């Protein structure tokens, strides 16, 4: 009984579980728009940032405080940019954007550092030592070399495309219950068991209602988060494909 | 010991951590550091010139036999295991600690813009980071640093082996990947 | 695969059991048993003629790299100096002592719910814990505490640096994704 009641509660995902925080989202936006971080069109970035949060909200995804704080910061900077400048043209120091540019630059450096670590010959991946290791866990086929791992942001972009095709209007006020997401997860798992992989688009083809689409999307997010699946994108065709983790 | 080279090789072969010259000295009860160093150099050269399947890596202040990175794909197939790779968030947190150590949790979180408690815990559990001490501040916050295991995992001789922030900037012409 | 020899060698190097030709065939996705057999023979001959520290043993229907028996004495010496890994039970006991010291055996056993006599003896032998004294109680029970060696083992400057359960709690839950 209790379980049933719990299962009927709305599906709840924390944005912080899916994404690495507001800085990561900013980097994604800057990258997507091919911007120079030292000259960010603050109005554009603020608009896109808020659109993301809106989409997350519509999907019933809990938005952590730090994402909202960043939104407030962006809006604040935007408003300061609009204020008439007094006397002299602004030096770099007076540019309100510096408030996010500095941390953003530092964050980027940190990302490069992390990436450099990945590029090194990692023990137990690139190089191995002789050791007696326990042989549990499953076999992984790395798949075709033409595939690259996609971020959840790119996934959301792809999802936005699908929504646009199906229905242009917003889809607030849709409650998604846990049962449907759970059962969709098991359906997708079945598909993957049979075929090994499936394209992102294919999973949405049979979906009729907006609610179903959201359920499918949340199911994919949940599966990606728990590393049940891996999401890869073909380099040239741009087709996103989902594999068994 | 006229077969010093073969003996050192056999020690390297069975050791599951990197071996320091001091350690080899102790085990073999010889004083001649130079001789051991020469033997190690010869071995490293032989593995190169003979194109063996492994090489002598200098990691974490010592020496270790490791398979060549270009054969990693085959070994992964043999082992059929999926090693627990670190997530991007974990790598970023590690990078902050590696570069900024000794560092406080609050500094890491300030830089990354998100809570890092869970990741720090996991990194501690995996012994990739350690507690260096506590800061003389209210609440005596923990100071973090990286471990020898961190060096081993990423094939680093020592922390100085990490690229400088300047190198990173130069490397930064391409955007970092944001793939999860 | 022109570097078949090196690849097969790298597989032999990491394998903790003997490798059959069939297994190598499967991993490398090649059909040519003869080629693999030739490579194995060449490797065996090279190890002999070059007097390497290891040789290719034919065991249990497969092949395995092993150190030469004549170097066994040195390898045993190396293994003796290696800090043996602590079992889960030993770690738990050690943790109880570290956090609760000075502590009685009865307190430790009360907390862990099992007899700890054997583990305490082992920890004493390894000099990770020591006898701090005896309590003024019937039977004069022993009071235990940790040693300097314990601090070294865990890379700690002093006991005050030991992360407390509260510190861990403050970090929150470890990320399940990373603990794969």
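By letter and in written order, the chains are A, B and C; residue numbering begins at 1 in each of them.
The rule is short, and it goes like this: a contact is a pair of C-beta atoms (placed from the backbone, for glycine too) under 8 Å apart; a residue touches a chain by one contact, two chains touch by 3 or more.
Since the structure is predicted, the reported quantities are computational estimates derived from the model, not experimental observations.
Novice: Going by C-alpha centres, which chain would you call the most central?
Specialist: Central by C-alpha mean position: chain B.
Novice: Once you count every C-beta pair in contact for both, which comes out on top, A-C or A-B?
Specialist: Looking at A-C and A-B side by side, A-B shows more C-beta contacts.
Novice: List the centre-to-centre spacing of chain B and chain C in whole Å, with centres computed as mean CA coordinates.
Specialist: The separation of the two C-alpha centroids amounts to 18 Å.
Novice: Could you grab the centroid distance between chain A and chain C? Build each centroid from C-alpha atoms only and quote it in angstrom.
Specialist: That pair's centroid distance is 39 Å.
Novice: With chain centres taken as the means of their Cα atoms, state the distance from chain A to chain B in Å.
Specialist: Going by mean C-alpha positions, chain A sits 30 Å from chain B.
Novice: Scan chain A for residues touching two or more other chains and write them down.
Specialist: 128-131, 133, 137, in rising order.
Novice: Touching at least two other chains at once: which residues of chain C meet that condition?
Specialist: Expected reply: 10, 13-14, 177, 180.
Novice: For a test of understanding, state which residues of chain C touch chain B in their complex under the given definition.
Specialist: Going through chain C, the ones touching chain B are 3, 5-15, 23, 27-28, 46, 50-54, 65, 67-68, 71, 74-75, 77-79, 81-82, 154-157, 160-163, 167-168, 170-175, 177-180.
Novice: In their complex, what parts of chain C are in touch with chain A?
Specialist: Interface residues on the chain C side: 10, 13-14, 16, 176-177, 180.
Novice: Which residues of chain A touch chain B in their complex?
Specialist: 16, 20-24, 27-28, 31, 64, 66, 70, 103, 106-118, 120-131, 133, 135-140, 142, 148-153, 224
Novice: Residues of chain A touching chain C in their complex?
Specialist: 128-133, 137, 225-227
Novice: Which bits of chain B are touching chain A when the two form their complex?
Specialist: Going by the criterion above, the answer is residues 13-14, 16, 57, 64-69, 72-73, 75-76, 79-83, 85, 88-89, 91-92, 94-96, 98-99, 111-115, 152-156, 162-163, 165, 168-169, 171-172, 175-180.
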